[in-house]
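For reference, chains read A, B, C, D and E in written order, and residue numbers begin at 1 within each chain.
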Amino acid sequence: MPDVSNMPAMADARDDVAPTGVINCAAYAAGQRVADLPICDIHQALADGDRFVWIGLNEPREEVLREVQREFNLHDLAIEDALSAHQRPKLELYENSLFVVLRTAQLLPGGIGLEFGETHVFVGERYIISVRHGSLKSHVGLRARCEATPHLLSKGSGFVLYALMDFIVDQYLPIVEALEEQLETLEEEIFGERFDRQTTGRIYRLKRDLLSLKRAVSPLVEVCNRLMRFDNKLIPEDTRPYFRDVYDHVVRMNEMIDNLRELLTTALEANLSLISVSHTEHTKRLAAWAAIIAVPTMIAGVYGMNFDTMPELHWKFGYPLSMAIMLGACAGLFIGFRRSGWL
Amino acid sequence: MPDVSNMPAMADARDDVAPTGVINCAAYAAGQRVADLPICDIHQALADGDRFVWIGLNEPREEVLREVQREFNLHDLAIEDALSAHQRPKLELYENSLFVVLRTAQLLPGGIGLEFGETHVFVGERYIISVRHGSLKSHVGLRARCEATPHLLSKGSGFVLYALMDFIVDQYLPIVEALEEQLETLEEEIFGERFDRQTTGRIYRLKRDLLSLKRAVSPLVEVCNRLMRFDNKLIPEDTRPYFRDVYDHVVRMNEMIDNLRELLTTALEANLSLISVSHTEHTKRLAAWAAIIAVPTMIAGVYGMNFDTMPELHWKFGYPLSMAIMLGACAGLFIGFRRSGWL
Amino acid sequence: MPDVSNMPAMADARDDVAPTGVINCAAYAAGQRVADLPICDIHQALADGDRFVWIGLNEPREEVLREVQREFNLHDLAIEDALSAHQRPKLELYENSLFVVLRTAQLLPGGIGLEFGETHVFVGERYIISVRHGSLKSHVGLRARCEATPHLLSKGSGFVLYALMDFIVDQYLPIVEALEEQLETLEEEIFGERFDRQTTGRIYRLKRDLLSLKRAVSPLVEVCNRLMRFDNKLIPEDTRPYFRDVYDHVVRMNEMIDNLRELLTTALEANLSLISVSHTEHTKRLAAWAAIIAVPTMIAGVYGMNFDTMPELHWKFGYPLSMAIMLGACAGLFIGFRRSGWL
Amino acid sequence: MPDVSNMPAMADARDDVAPTGVINCAAYAAGQRVADLPICDIHQALADGDRFVWIGLNEPREEVLREVQREFNLHDLAIEDALSAHQRPKLELYENSLFVVLRTAQLLPGGIGLEFGETHVFVGERYIISVRHGSLKSHVGLRARCEATPHLLSKGSGFVLYALMDFIVDQYLPIVEALEEQLETLEEEIFGERFDRQTTGRIYRLKRDLLSLKRAVSPLVEVCNRLMRFDNKLIPEDTRPYFRDVYDHVVRMNEMIDNLRELLTTALEANLSLISVSHTEHTKRLAAWAAIIAVPTMIAGVYGMNFDTMPELHWKFGYPLSMAIMLGACAGLFIGFRRSGWL
Amino acid sequence: MPDVSNMPAMADARDDVAPTGVINCAAYAAGQRVADLPICDIHQALADGDRFVWIGLNEPREEVLREVQREFNLHDLAIEDALSAHQRPKLELYENSLFVVLRTAQLLPGGIGLEFGETHVFVGERYIISVRHGSLKSHVGLRARCEATPHLLSKGSGFVLYALMDFIVDQYLPIVEALEEQLETLEEEIFGERFDRQTTGRIYRLKRDLLSLKRAVSPLVEVCNRLMRFDNKLIPEDTRPYFRDVYDHVVRMNEMIDNLRELLTTALEANLSLISVSHTEHTKRLAAWAAIIAVPTMIAGVYGMNFDTMPELHWKFGYPLSMAIMLGACAGLFIGFRRSGWL
């Protein structure tokens, strides 16, 4: 979305959700919004040949969706997908329309864990209908951005599809970056001084989030690939390079995710190695202290023997001497262990 | 199966299995059941050009299957497959008929472990024959559902094939979800306080179940793919989008299974890490207690020595003092170990 | 091999190996054996246009093979392959003949370890020549079975190729099943009470056997695939579905092997986890017993001190009391460790 | 870059960066630099049909890039890519121009860690424009080298693209070799006497660097592949073998990186094995010393008993004898442990 | 190389390397060597239409290679590849010639470690030029073998290319077999009684050698595949089956290498398991001996207490009895540990 992507997100005042689920329904001509309509008037609005309609629905009631279906003659199976959600991202070509399923993603507050929504898009030559499930946030500002570049919007419904996909795909990037940061934090934990049983759990949860995100992103590679090669008047030739742009982003994101996955696998193995190293270190320390205590115990045992003739027992400084020997042995061992890195 | 899939499963009273293995054999015209027939009358019934026959067999005797073979001129090899079962899911195209092998799956009672059955389907322009092996349960309600939507059933045998595949594929979803739940339980075991040698065994069994399920599901991707692209009058053009729907479900299920597999592999590794961590913790605790006991033993050893001149032995409060020192050392060590997390 | 595969293996009296390596050489017409010939008379026998010759050789002398080569004008490179063996399964198309290499497999007596042989097949329109290396057993009964179904045998040399491949591929199944049983035994060892260093060795050997078997089976997927799509009069159109049947078996076997491999990898990892768990358990038991012995030792040390005033030493029941304390401490520790699962 | 690649890098005096980001802008005819121009004069310069323009930009201001865009009619999306950087290597074909994104790589000073830059190239029949981001160093000497071989430079802008790609790809080789050396150092650490927790960290960091480098190199395989097969007048037929040359280098580098990755994975596992081995060794040593100290402690305990009749206590040489026994036991144990490799 | 491959390697007296790097330069007609020439006379020699020239170079001086280049009009890029070596195996098709890069491999003396060389081959209709880098040994006997089968040599330069590739590929087999033997030795080390830290190092080095060999072998699959399908008069149709033969060898070798790699990975994991098992065993033994020493120490401690009334101390046989108890306890423990496998 060239000129548009650097614009500040406008307050999208019109995006209040009606109880029926209709957020917005407007006709556009030459890139300008020419009318806001109720759904029942669409037919009339399209009588004028140059126009197209852009409808935004949010978890609509079934009867609304059915009305839309009748209006645009949409396929039963696509409507049912849009009703039930829980689809994987895909592109389906019906006779005279496209049906695209996208997944929106949001970081949960606190930055740990992901939340997914779905957006289903019907694209015809003269209409584009988006049906959102899950977080509304994922669409705020999109319509305003598009309306700000009438010369692009005038390319028609195919361009709106691009704008929508670009908008959603752009939202993956901060998530991938947040997951990269989580990995960096984990690296510090693992290779720094402090790792504990939580670290392993966090590695696992990061892996799980990555896999979920991958399931949202990777089917888009194929979707974009088909869109940018499409020989279909729904996507005019001069719009196709824009889909190549989305394709590039998706491929790059996909690559970043795979990268993270491989690093994570290595991190998990490195973690196991370091747990073993640290276990060895603890064992050494244990052994060292055991030796330091065992030696004076042994010496004390010797002088606790009851032999009749043990001359040392009768020396004047026998006791302090024995204590000195004990302390000396301990000190010697302590220094020795220190030097060899056991303590 | 659009309109039909939300219907409550009707009591399928007619689905009693005859000892020969014939469950049902009916002729349909314009989406309505027009006659229940014995197999030998099929020929006659098909004289009327608009009709098709839908036969349901359950582990039929060989002579029944041979009779059906003669009636519809089915290929020898397909009949033998249908007799022996133990096939992998596949689609075979004979001159004028399709032969489809599907695997049905059921969770064993108690929710642990899977049970597989097989359904073989012969589809011709004017007939569809399903041969079931294993659990009957996997087909209950299907015929009733189809008959409830005559406008779809009137599309002919190709639609019945879709309905049957959709029906079977829909049964995988609760299984995949049950396996996902099993993984969640395992996660809690692994990352929570309590894991033991059973955990590893459960991870392994879940992996084994996943692999079995994958073997049932993944060949269907190719089967559906071919059905939805088929240039063949057995699958009329307006039925193909329905197979795309099944395809989507299968791909999604396949993806969920792969996801589970990868998470499970990570879980197994995480489990190993945590076993090591917990081993280190036990070693530390052992070391701490060993030190706490060893120190007073050493001190006692010292005052058990038999030197002539050990002034402390003659102090009035020598004994209580020594006991106090011992207890003090133990307490000091205990507190120290507590603080550094060894105890 | 439809009608034939359920027949009991006949005593194949004619299959005595001549010292030259010729087992059998017979001409067939309309599915019936019409003549047993020496190799030098083949030319004559084929003068009658309807016939084909089926020659069975077992590790033949080079001169025999060279004679056959001259008779049927076989390619030098194929003959050399057939002489040297040690080929991987493959299919080669020469101008007017096929050359197929297959690997036969047998479980070694005792059910542990595999033994491989090779069978090389030359197929022309009017002849089929099999050259066996390794175990003879792998072919016993094949010819009798084919001759029992003249209506199929009359399809010519292409059908004999199918029968031979089917025969060999069917021999893999009991092997794969035996390996599956070995895995089950290993699972019991691993997850049951008793595993030792032998278990790891057995896992490794099973993996090695699986890989060997995979090398015999997996190239057949491609071989069968090409045979069932072949546009070549050597494989008549009505024989191709038979190769699809072999293809199905091979793909299924391949899948079973891959399944086993993945389970085995998981089993090896699970084994490592359980070794660690069991190590931790031993460490805990060791620690518990060490504590149980260390506590009375410490107490005894205390009462071995030589302080002048240790009132307990002079108590009447000092000694039994101290013993009671020691035993009590041991019992308390024992019970405590039992409860917390360390003993 | 045949004749050119062995030349010493000339001091590229003209490569001073103007504040606008324009490094160089020159027209070439018949392989000779014929004029240095400001960007606004390009149009004029190209009036003469034989010429092409080579512009070098370094992190240019947006207005400069926009001027260039207007001059050569470049596509909006490509310009935006060139402005924002953060692209993955790719090749895009617009109507009459190519857009190539490359990543430059440099070893950080000290040889540990990598730094990446980006170079974006626009190629038309009569122009080539390179836009650099990140390290300038990656281009020093390129223009001089090209100008030194006028017979090759006369092939036009397609050849300059080759020269540029070859130049950048050649810079990967020393990096891959440096990473190979790092692996060798790690191998010495792992399999030599000394490895510690740093080793695991270094393995991880090497893996991370490899993955980053792979992301720069591997997309080039596809880019070069397309360039060497291109049926487009921008890349004349006699220039294509040169791209095959770059392709070979890229494939080889890719292979070296994959090789390193697999070795690194094995190294990490070997490291874990050796940590375990070394842990076992430490445990054995600990056990040995524990035994050596425990035995005399036990003997001393025995002669510390207070039985009335312990004849040894009254022997003249009882004490030295007991000491000798203790020492003997210690020495015997020491020698025994030494022999069996525990010490 | 059919008739030739079993011949004893002749002493190749003519293969002395001239200081210029020319080993041999001969013209052949109808499979017979008709003339030995200096390079400058080649042109003349080829005037006679039936002849082809076979030149063998060994690390030639640049001027020799440039002379050859002029003589046969070879492409600049190929010549540079041949000068610099360090190429990966590949096949390049220039207008009227082929350029093939092969890697030769030798086991280092002692059988551990590999040494690689390179052979570059230029093939034209009337010439074949081989340029060797690294070990000369890899070519000894080839020319003699070819000359011994004039009927094959008369097929021209394409056949010589086959002979050369076959010769080089045949040298891989003993290497792969040597690596297989190394794995067997490692298996014995791992699963037999004795493994130590060297074992892990040897596994790693074997993996590294396998990866190097794989890099030499695996690109040949594609090279041979293209040669055997080539529609080019340089490789006449009746020579192509020979390349299929090389292809088979290469594929089989590749498969053996992959097999070894997978086994090696399993071996490394099995090694880790067995290290852990052996660690557990050592821990158990340590624990057993600790218990055996601790029990008499405890008993001795008890009888070292100074209570006034300890009747046992005054028993006549108190001391020997206590000793008997100690020994009995030790013996009992020893037997118990033996039985349960701890000792």
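To be clear about the criterion, a residue touches a chain if its C-beta (ideal position, glycine included) is under 8 Å from a C-beta of that chain, and two chains touch if they have at least 3 such contacts.
Because the structure is predicted, anything quoted here is derived from the model rather than measured.
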Given chain B and chain C, the chains that contact each of them: none
What angle of turn lays chain C on top of chain D when you fit their CA atoms, given in steps of 5 degrees? 145
Centroid spacing, where centroids are CA-atom means, of chain C and chain E in whole angstrom: 27
Approximate Å spacing (C-alpha centroids) for the pair chain B, chain E: 43
Hunt down the residues of chain A that sit against at least two other chains at once, touch-wise. 269, 272, 276, 278-279, 283, 286, 290, 294, 297, 301, 304-306, 310
Ring of chains, enumerated from chain A in the sense that reaches chain D first: A, D, E, C, B
Which residues, counting only chain A, touch chain B once they are in their complex? 75-77, 80-81, 87-88, 90, 92, 94, 196-197, 200-201, 203-204, 207-208, 211, 215, 265, 268-269, 271-272, 275-276, 278-279, 282-283, 285-286, 289-290, 293-294, 296-297, 300-301, 303-306, 310, 312-314, 316, 318-319, 322-323, 326
Sort out for me which residues of chain E touch chain C in the complex. 2, 187, 191, 241-242, 244-245, 248, 251-252, 255, 259, 262-263, 266-267, 269-270, 272-274, 276-280, 283-284, 286-287, 290-291, 294-295, 297-298, 301-302, 304-310
